[in-house]
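The two complexes that follow have subunit A in common; it is paired with subunit B in the first and with subunit C in the second.
Moving on to the complex of A and B:
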């Protein structure tokens, strides 16, 4: 089907009659559990442009990413689901359960093959398919099946983008990211634990309006992950003056001085928290007095204590091989490869940074 | 029809839940509840800095997004005997309460409502009659005929576009839906309004914790300092924002949530006669006025009710080895002493052991292990936790507002007190406690203002922040009443690191499988209480009762390393 064709046009081009088209509409009404009286209206709607279909799969996740989606002030989740997209599968929000839910997913995949956007939150455990199933199907099988017909994949949250907390040392379930398993589709990573609400909808809007956004070396859209939090932080001038909070609730903390010495990971974290802020621009962690955890970076869970000034990750390169040993050689090799990749990428970005280094950097 | 009905995924919940029901003709004879996802956060917590634990534990769940953070900092503080300033206690109370109000309203409108509300039927509503109905219930300003006319048009355009999205393949037109079209249109309108409202009131967490979901916490206090002369602390502007949010919460609860619950319940009174569960109820207590060490100052008391007997409240001891225990007879875990025994969380010993069918599978073998959740028991008894347990506890202990609200509800609906022990009672209790907690937010906020006026602005106690000040060994329990029920984390600290970390969470109490004695958990027992399915392909009856518990199944995690050494565990809602 060419991009601009409506379903009605496409069917007619394929020689399907008006009568056949109406039969199709009746089937659609039945699929949506709508009364037959709705068929003419559906036929009319199908003659017009359709909303892009989105299928959202949730694997090893905590639903924080979906909660974040509902906090987006623009576009709002209600604008999205009523006006912009057709959210055809989403565990937390969809009305149908069980067979009805799975039928809706399969119907959408078939009907919108090659065109739907696949959103994934949560990591995928590969040590044992029984570690996470939906409708009796393993996460890996469901991802592979849904990815095949997708136009593009958006990995929402640090778990889907980088493996996240399930992959933190020692990765007990062999959790991997979407890009560890899918190599032949465009993937946009939208990390964060969770991602900022308007960043989730912003990336989606960008994709639907302008196509794939420009990405950094970790697959993150530059529009939201192009600068470090430190470089955009409103407390940066105090850093430059050498004024730091030494502990919580001291004079410096009350006056809004730099939280670097309390462990702030802002200097090595690329995200829009300091500019876009959270919850309709209300605040962000540093503004509320807490150091940045670094949650949009790979392996941030293993980058040392949240309250220690920046340091290199402490993880062991062989951290998962013990667990993978019992789960088969193939899975073990895959996990080891993931670990090597993450270890090297984390080392690149979590270099030991001292105040002196940062001062040098800011002066140069 | 003696078939096995399977509902997987159960949608409109947090996490991955599967229900299998053995039918006896059209009636559910037996039901089994299975959590189908495991992550391993427990093993991940081991060896970490205990001050970091809240951030890890919080990721157990992003819906009840602060509760594991609170339980975690309380566990560390309990282990170290670490007092926090009065203001920190009040700010935590406000944040926990905000979570309740936000979470319960979202559960009602976005997760539970579609079990009772037929979206498509709203197309037949008369906007003027809908306005009349809404105005008869409350003074909520968005109740005009013009407003509902617009909403109906929006709904019509959406349905006629032929892409129902999240509303596709649902149960519209099912005879179990009893609301008239006008009530359906009103409820759909409030579904949308609640989406907008929740976005606004979630800002309270951003003010004190920097963001929502997953706001920030701190062992020893709260991260946000108070300074009326600073542009980067809790100042008069921030406090007035908080006051504004509390007011908006109370308005929505009083004028929309409570009236809608009563109005909708009026059409479903028969649901006061099914879905009871186990008849035993457990609370740990929460919302201290004077710190966690003084249970007499809690708004919600702790206790156990057995066999519906409200006249006797049993005491709960979190540390007694023979009270809270976990069983794995039907869970995918091993115990070295055999699968039959029960273990207190401090003695917890667990090993991941998936013995279920190889995916893809059609049915679980319910005679063997069938869930990633364990079966927690109090003195061997299954317990229901959550809003109904709390409302019953408040009621039994003579809390005046609770008694008034319960009395008013029973009178309005014209149902007997026994109807509380049901699917309907559980859902009503959630609404009533939301009002009680929203009202108390004003009290805590006023106390915070009074402290600041009196010159007390402390939010953090520095004395035990440095791990070098800690004893070599310490252990403690942090507990709270999460929106979904009694939650506790047990922590063992050795040489400034986490040696053991365990959580027993609300949805494990409610959703856990059968125990060694074959006693079903509350979900299972509730489904076995008087459920007739009109059409197994459209199991709306199962969804009503399961959703009345507000499931939150993010994962259940108990792991031992390959050498057999016991590791930390976190069981997740």
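Moving on to the complex of A and C:
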């Protein structure tokens, strides 16, 4: 694709029909909860969009986010649109390596200064830069340099968005998120471990058509992170009826009842898994019989056991109660002893009025 | 502190502290009352103290017709919010799990729409009794700071739970944490305020019945 080609032209060259393109625009509109009237606007904006330069930096990560994006089983319009953006640097995907790769990054940053989109996956170690370097450059230095000329930053995955697993206690590398380091650029957080592929492409599509999407308080696009898993879960009716799986192999589990008692974090997790699903809309973790881990929320790795119900205390409540009862009995007995002593001394001090006293008074 | 950390802190160390204060507090208060002792009654018993005591625990739980006629509003709203609190606390599935954690026993839950409706009725009844307390000159005269405090710490878990359940104020982890925090406030104040009536009422009812029963008269 030539640099001055529009997305519309590029897609036609790749054999995408007008019908297929509009179907994608309609799907994107419904995915982002936009009214159908917006479909022509999306189509028009995408038609005319110049391919943006994208620089993808991978720091302390597992490559799961890249896998999520690239391992779609069939070729989709989203993929082609992603192909038509100018992914100028992605050290996992690009053919070049070493100095050649770094030169490409620097050239793109220079050429598209102030216009390129910076995608980051992985957290950044700040306690010792040596924990993660690329071509001898520390992650922090590379991020700060690349962020300076970026139009916007998209933090893909929970590690880039919130610190993720590298930041889990005791956080040996001093891992931080992108938004911990950069305060002066628009940042879109697309958390998840990994995020849903269509959510990644959806956010990029939104950026191409309407600019930055509307974000929630954690910087997540509301179109995809506006609802909790629990509120959109197909097992929600079982929760409301009070029908729960108690173990992974009981009758409730076989009948597909609610997994709340098995530790499902759906009520406190905001993501689109329950609606867009995974693997081309096949299913999502809860549909496969496993509770939601809450992977798109901050500190999900340190949020207690994955298998403990959300409403229950994390401490040993039975032991605490027994200890408290013991302490209560001891304290109660001590206080009661003091009270009795107080009463008996008051009784001793009490001077009884005798008949003689009264007679003396009447005589005087 | 992130939302998740806040929720973990409230579910963990704070819940531990609240449980210890509540359990130890209730036991201290009961022992204080019981171990103070009564003087031995030297008069000859004219009936069974224990039987009359037990009977009174039950009879005093049923409103007397004349009392009901005099204070129909107070009694009705009182019953409504007490039964409502029982349903909301003990028959909502996520709450039952807390008791299951403590006692290792479980019981069936009511469906969430039923608990939801009950919580609204309970809150309305609580608001009604508060308004009546403020309007009625006698009740207002008898009310002190502690009465309003007891009302507040009872109402807060209901309203925060309702907001958390219906997601009226996002984000969910923070709202659930605030709800649990309000319950912890209730737990801590429970033994040391008039809320302690939840366990002292049976002692006092039994005693009222027992002294009459010993004398051979109706309580």
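Just so it is clear, the second predicted complex is superposed on the first by the 247 of 364 C-alpha atoms of A that agree within 3 Å, B and C clash if a C-alpha of one lies under 4 Å from a C-alpha of the other, contacts with A are read in each partner's own complex, and residues count from 1 in each chain.
Everything below uses one rule, namely that a contact is a pair of C-beta atoms (placed from the backbone, for glycine too) under 8 Å apart; a residue touches a chain by one contact, two chains touch by 3 or more.
Keep in mind that this is a model prediction, so the values were computed, not measured.
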Which of subunit B and subunit C A:299 touches, first, second, both or neither: second
Partner chain in contact with A:242 - subunit B first, subunit C second, else both or neither: second
Touched partner set for A:146, first subunit B, second subunit C, both or neither: neither
Which superposed partner A:193 touches (first subunit B, second subunit C, both, neither): first
First, second, both or neither for A:86, with subunit B first and subunit C second: first
Touched partner set for A:231, first subunit B, second subunit C, both or neither: second
Subunit B versus subunit C as contact partner of A:132, first or second or both or neither: first
Subunit A residues touched by each partner, larger count belonging to subunit B or subunit C: B
Contacts of A:267 with subunit B and subunit C, given as first, second, both or neither: second
Partner chain in contact with A:203 - subunit B first, subunit C second, else both or neither: neither
Those residues of subunit A which subunit B touches in one complex and subunit C touches in the other: 323, 325
Interface residues, subunit A side, partner subunit C - complex: 162, 216-218, 228, 231, 239-242, 244, 260-261, 267-268, 270, 297-300, 302-304, 309-315, 317-318, 320-321, 323-325, 327-329, 331-333, 335-337, 339-340, 343
Subunit C residues touching subunit A - in the complex, by the definition given at the top: 2-5, 7-8, 11-13, 15-16, 19-32, 34-37, 93-95, 97-98, 101-102, 104, 108-113, 167, 170-173, 176
Subunit B - residues contacting subunit A, complex: 6-16, 36-41, 43-44, 48-49, 51-52, 55-56, 59-63, 65, 106, 110-111, 114, 119-120, 154, 158-173, 192, 195-196, 198-200, 202-203, 205-216, 218, 220-221, 223-227, 230-233, 241, 332, 352, 354, 356-362, 458-460, 462, 465, 537-539, 543, 554-555, 557, 559, 561-562
Touching residues on subunit A, where the partner in the complex is subunit B: 25, 28, 31-35, 38, 41-42, 44-46, 48, 50-51, 53, 58-68, 70-73, 76-78, 81-82, 85-88, 90-104, 107, 125, 128-138, 141, 165-166, 168-173, 175, 193-194, 234-235, 247-249, 253-256, 273, 278-280, 282-290, 293, 301, 305-307, 322-323, 325-326
